[in-house]
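In the two complexes below, chain A is the common chain; its partner is chain B in one and chain C in the other.
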Partner chain A sequence: MTPQIGKLILFVGAMLVAGILVMTRKAWMGALAHGWPSVWRIAKMTVAEARRKRVLQAVVVLVVLIIASLNIVSYLSPVEQARMVKDSGLMSITLFGMLLSIFVGAFMIPHEIESRTIYPILAKPVRRYEFLLGKYLGALIILGVIVAILTVVLVGVLLLQAHVIGVPQAGQPDSKFDAAIPAVIFAAVMSYCALAVLTALIMLISAVSSTTMTVIGAILLWGVGSMQSMLYDLSTKMVGASRFVLWLFYHAVPPLQDFDFRTNVANGIPIDAGAAVQALGAGLLYIIVALLFASLFFENRQV
Partner chain B sequence: METVLQVEGLTKVYHSLLTPVGVKAVDGLNLSIRQGETYSMVGPNGSGKTTTLKIILGLIFPTDGKTTIFGKDISDLSVRERIGFLPEDAYLYDVFNGEDLLDFYAGLFGYGKQARKARVEELLTLVGMQANRKVPFRECSKGMRQRLALAQALVNDPELLILDEPTSGLDPAGRHQMTQLILELKRRGKTILLCSHFLAEVEEVCDRVGILYRGKLVGEGTLRELAGEPTEIVISVSGMRSGATKQLAALPTVVDVGDGEVRLGKATGDQLWAVLQALREAGGEIQEVTKPRPSLQDVFVRAIGEVKE
Partner chain C sequence: MRRSRLPWKIAALFALGVYLIGLPIQEAIINRRPEQYRVNAPGSGINLAAISGPTPVLIAALGGFRTVAADLLWLKVDNLWDGGAWYLIPPVMESVVQLDPHFILGWQVYGWHLAYNLNAESVLQTDRRAWLEDGIAVLKRGVALNPKSFEMTFEYAWTLFDRAHDLYRAADAFYYASQQQDAKAYCARMYYRPFEHLLDFDRLWPAMKWAQKQFPDDIPHQKLVARDMDWWRQNWNNKAEHRKQIANENTARQQRAVPFWLYPNDPYWNVCPLCGLPTEKGKPVCENCFAWNFELKQPVRPAQAVR
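Showing the complex of A and B:
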C-alpha cells in the first residue's frame, strides 16, 4: 500500500489499454474516421450553445475581474507580490476551471436526455459514442477557451506589474518581480489537463446517471482527487475495511493534485519534468478508460 | 408493395423500485407499414404509442420482439439515413434560430456547406419559416416550433417519416397548417407513421389506423374496414305532415322518425323506395339520402369499450 503500487497499477493499466487499443485499432480508427464529422458538428454545436449561455458568460467575466483585480494589491514586497499574484491567479484558474468543468460536464448528457433534445440527434445517423465524444470535445474546447482567456489576463497582470515595479535594484533582491511567464503558462496548461481528466470522468458518471447525481459525483471526484496525499496519509492510519476503502479510493480516483504546479511556479521551485510527464500519462489513461466505459454504458442507456 | 417498417411481437416492460414486477407498456405488438402508406397509431394516454416509437427509433430497447426498417435493424446507420423523426413537443436547442438549427441537423447527414444551405432554404420555404428564420427557437410560437421540428425531420428528404403528435398544442389554424403539410408529404410519396390524439386529423390523412390500448393492438385496418359496412340509411326530409309520423314508423326497416330525419336499418332497394314514396305522400320533400359510416371517434370508442368489457 505505497505510492509505488499506484505506479505499478498505472503501468499495468497503461499496457493493458495500449494492448487493447492496438488490437482493436482497425475497428476504432475506422469508426472515428467515419464518425469524425458528426463528432465535430456536435462539438461545435456544444460550444455555440455554451457561448450563448448568459450564466457562463457572467462567471467568466467575474473570474476575469477577480484576476485583473490582483493588479491593485501593492503593499507587499515585489517578491511577495509576484508570489501572491501567481498563486492567486493560478488558483483562480484551477478553482473556476473545476467548477466550470462540473457545470459544463455534468449538465451535458443528462440535460440532453431530460430536455429530450437528444431524440432528434439519435434518430439521425449518429452513433451514441459519437454524440458522447462530440460533447466531450465540445466541453474541452469551452474549457480550453476559458482557461486561455484567464491565463491571458493573468499573464497581462504579471507583465503589467513587472513593468510597473521594474527590474530589480542592485543589492536589493526583494525588489525583483519575477513574472515567470513560461512557468505560469505551463501551470495553466497542466490545470487544463486536469480539467480534461475530470471532465472525462464526469462524462462517465453522466452516461449512467441524472444531472443531480452527476453533480454530486463530480464534486466528490474533484474533492477526493485534489486531496489524494491526505487520503493516503489517512489510509496508513486506518485498519481493516476502512483502510481498504481508502486505499481503493486512493488508487481509483485520478490524482488531480499531480497536475497542480501552482506552488512550484509561485515560489520559483523548479518543475519536475518527470512528475509532469507521469501526471500527463496517467491523465491520458484515465481519459481513455473513462470515455471507453462511458461509451459502453451510454450505448445501452434507455433515453 | 415493399414493407418499410415491420414490428414483430414487440414487448416492453418497465421496472422500477415501486413496480418490481414491472409495468407492460407494450405487449406483443405486431405492425407492418408498407411503402407510401400513411399509418396512424391512435390510443389513449399510456397506451404505448410513444414507447413503441422510441423502440422503433432505437432510443429505448425492447424487452422482447423485433423491429426492422427497410429490412434492417435500426442500429444500422444506413436505416437512419432514410428516416425522419418529429418528436412530441418539439425538443430542439432553444438558443439557436431556425436557420442554424436546420444547418446543424443537415450537417449530421454529412452534407457539404452548399448542399446544407440549399436544403435549409428549401425546408424553410416548405414549412413557411423564411421570414422567421433568424428568430431563436425559444422565442418561436408553438406553431413555428412544430414547423421547424418538422423541417428538421425532413432535412434528409426521408423515405419514412415518424411523427409523434405533430399537432399537439397547436391552435386550430396551426393544426390545419400542419395537416396540410402532412398531406403534401403524403402526395410526395413519403411513408408516414403518425401518432396522434386528434382523430379528425388522423381521419383526414391516414390510409390505415392501428388502435392501441394498454400496449396491445385492439384494432387495425383502413377506416372503411374498421368502421364496417354502414348499417343504416338516413333520409333528410322537410315539410312532412306531422300526422304522418306514426304511419311512417310502422313501415318495415324504419327504426326512427325524428324531426326532419328518418332512419332506416338495413334495407333493400324496394324497401327504401317504399319509404321514399310514403314520405312524398306525407307531403315531405326529400333533401338527402345518406349511408353514414361511423367516424374514427366512434370506432375508437367502440374498440376500447370492447376490450374493457
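Showing the complex of A and C:
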C-alpha cells in the first residue's frame, strides 16, 4: 500500500464514520446523556459480584506469588536475569490477565441469563445496551485493579533485585541489572489495553452464544490476535486459497500484537510512542464496533 | 411485529468505515515496529516455519509468548553448558534466536560459541574453517535483524577482526557499529585497529583523525586516541618495535599488534605448524595451542613400504 492510497483509504473511512456519527447524533448523544447512571450502577454491581468470587481472589494471589518468586534464576548474569524477570513478569500479567478476562467476560451475561437474575434488572427502566455497557465497564474496572496489583508486585521485585544485584559484578563491568521500570509499567498498561479489546470481543461473542462457545472463541481470538506477525509473514508467501484464508484472518481479527511491548522491554529496544498511540486508536475503534454489534445482538436475543 | 433492519445497516457501514481507517493504521504500525512484525527480514535467513524446537516451544510461539520460550531454552543452554555438552548447544541456540530474534546476548553467545569454542575444539583445518564461517554467518544474521544495535554489530566486527582476520570487513563493521545510537567510545577506537594491523597508513591516519573527532567530551577516549597517534608517528617505520608488539599480542593480547605474516622470515619467532600462529623463539611449547613445537619440528620419516 503506497502512502497516497493509505491516506485515501483513511480519508474515506474517516468520512464514512464521521457521516454516520453526525446522522445518528441524536440517538447516541441521548443514550450517552441518559444512560450513564444506569451503566455506572451496573458496573458497580458487577465489581461487587466479582469481589465475592473466591476463584478470582485465589488466582490473583497465585499470580502474585509467581511474580514474587522470580528470584529463582539468580544464578544467571545480571543482564540475563533482568531480561528473565521482566519478560516472565510481563508474560504472567498478560497470560493471567487474558484468562481472567475470559473468566470475567464470558460468564457475565450467560450466567445472568441462566440464573435468571437478568429479569428483575431488565424489568426496570434499563435498556439492554446499558446493561451490556455496564457489564463491560465493570469488567474493565476489575481487570484494571488486577493488572495494577500485579504490576506493583513486578515493579517491587525489579526494584528489589536492582538493589541487591544492580551493582556491576567484578569481572562483568558491562553486565548490569537494568530494571527499566517506566518501560515495564508502559508494557503493563498496553497489556491492559489489549485485555480491554479482548473483553469487548468476548462481550460480542457472549451476546450471541453460550458460555462454552464464548470461552473457545475468546481463546482462539487471543491466539490469532497474538500471532499477527506470523500471519503477516505467511500471507505474503502463500498462494491461492490458503493465502486468502490467512489474509482474512489477518484482517478480521484485531491485532492484539500491536499492544505487546514485551519484546522491547526484555531486549531494551526503544519504544515507539507513535505506534502505541496508533494501536490505542485502532483498539478504541475495535471496542466501539464490538460493543455496537454486541448491543444489537443482545437487543434481538430472547432471554 | 418485524424489527427494523436500519440499525444493522448503519452498524455495518460504521464497521466498514472503522475497517478502512484501521487498514492504513495497521500498515503504519507494521512499518514503525520492525522488531515486532518484520521477523523475516530479507537476507536474515530466518525461517519461522522451520523452528526446530520442542512442541511446547511451538505452542508458546503460536500463543505470542516467543520471548518466554526463548528464555526457557536459554536456561537449557545454560544447563548444557555446565554439563560440557558443547556440540548439543547450537541447535538449542538456533531455536532461541529464531524465537526471539532481538535477543542480542543470544546472538552474541551463539556466534561466539561457533567461531571460538567449537572452532578451537576441532582438529581438522576444514572443520575449524567451517565452524568459523558458521559463527560469522550467525552474527551476520543477527546484525541483519538488529541493525540498530551497536553491541550486535560490534560482536560481528570483533569476530571478523580477532578470529577471521578479515580486517577490511572488520573495519567497515566497526565503523557501522560506531555510527549507531548509544555506541560506546571503544567502537570508534576499534575502527582504526584493523588498519594498524595491515600497516595501511593511507587509511590509518584518516581513521584515527575521524576517531579523534568522535566523543569529544570523553577524556579517556581522547587520551587513548592521542596516545595511539603519537605511537604511530614515532614508530611507523620501526620494524623492531612492530616485532615487539607482535610478541605482546601473544602474551598480553595488546591490540596494536602487527600481524606476524607481514614478517614471514623474522628470526624472533616460530610459526606453529598446528595452529599457524607465532610463538617467540626459544619456547618449546606453542603459546596459542600448547602444541609441543620441538616434536612437531622433527623431520617426518618416509613411510616404509608394506609388503
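What to note about this one:
Note that in this section the second predicted complex is superposed on the first by the 268 of 303 C-alpha atoms of A that agree within 3 Å, B and C clash if a C-alpha of one lies under 4 Å from a C-alpha of the other, contacts with A are read in each partner's own complex, and residues count from 1 in each chain.
The rule is simple: a contact is a pair of C-beta atoms (placed from the backbone, for glycine too) under 8 Å apart; a residue touches a chain by one contact, two chains touch by 3 or more.
Every value quoted in this text rests on a predicted model; they were computed, and no experiment measured them.
In the superposition on chain A, A:Asn300 makes contact with both chain B and chain C. With both structures placed on the common chain, the touch criterion links A:Leu285 to chain C but leaves chain B unconnected. The larger set of touched chain A residues comes from C, when the choice is between chain B and chain C.
When the shared chain is aligned, chain C comes close enough to touch A:Asp258, but chain B does not. In the superposed model, A:Gln57 lies in contact with neither chain B nor chain C.
Of the two partner chains, chain B is the only one that A:Arg41 touches; chain C does not reach it. Once chain A of one complex is fitted onto chain A of the other, the partner contacts of A:Met230 are limited to chain C, with no touch recorded for chain B. When the two complexes are overlaid on their common chain A, residue A:Thr212 makes contact with neither chain B nor chain C.
Residues 300 of chain A lie at the contact with chain B in one complex and at the contact with chain C in the other.
Residues of chain A touching chain C in their complex: 1, 6-7, 9-10, 12-17, 20, 23-24, 73, 75-76, 79-80, 83-84, 87-88, 91, 95, 223, 226-230, 232-234, 251, 255-258, 260, 262-264, 266-267, 269, 272, 274-275, 278-279, 281-282, 285-286, 288-289, 292-293, 296, 300.
Those residues of chain B that touch chain A in the shared complex are 57-61, 77-78, 80-81, 83-85, 87, 89, 91-93, 95-96, 100, 104-105, 107-110, 149, 152-153, 156, 162.
Within the complex formed with chain B, the residues of chain A that make contact are 37-38, 41, 45, 48-49, 52-53, 115-117, 119-127, 300, 302-303. Of all residues in chain C, those touching chain A in their complex are 3, 7-8, 10-11, 13-30, 32-33, 35-37, 39-40, 48-49, 61-68, 71, 74-75, 78, 100, 102-105.
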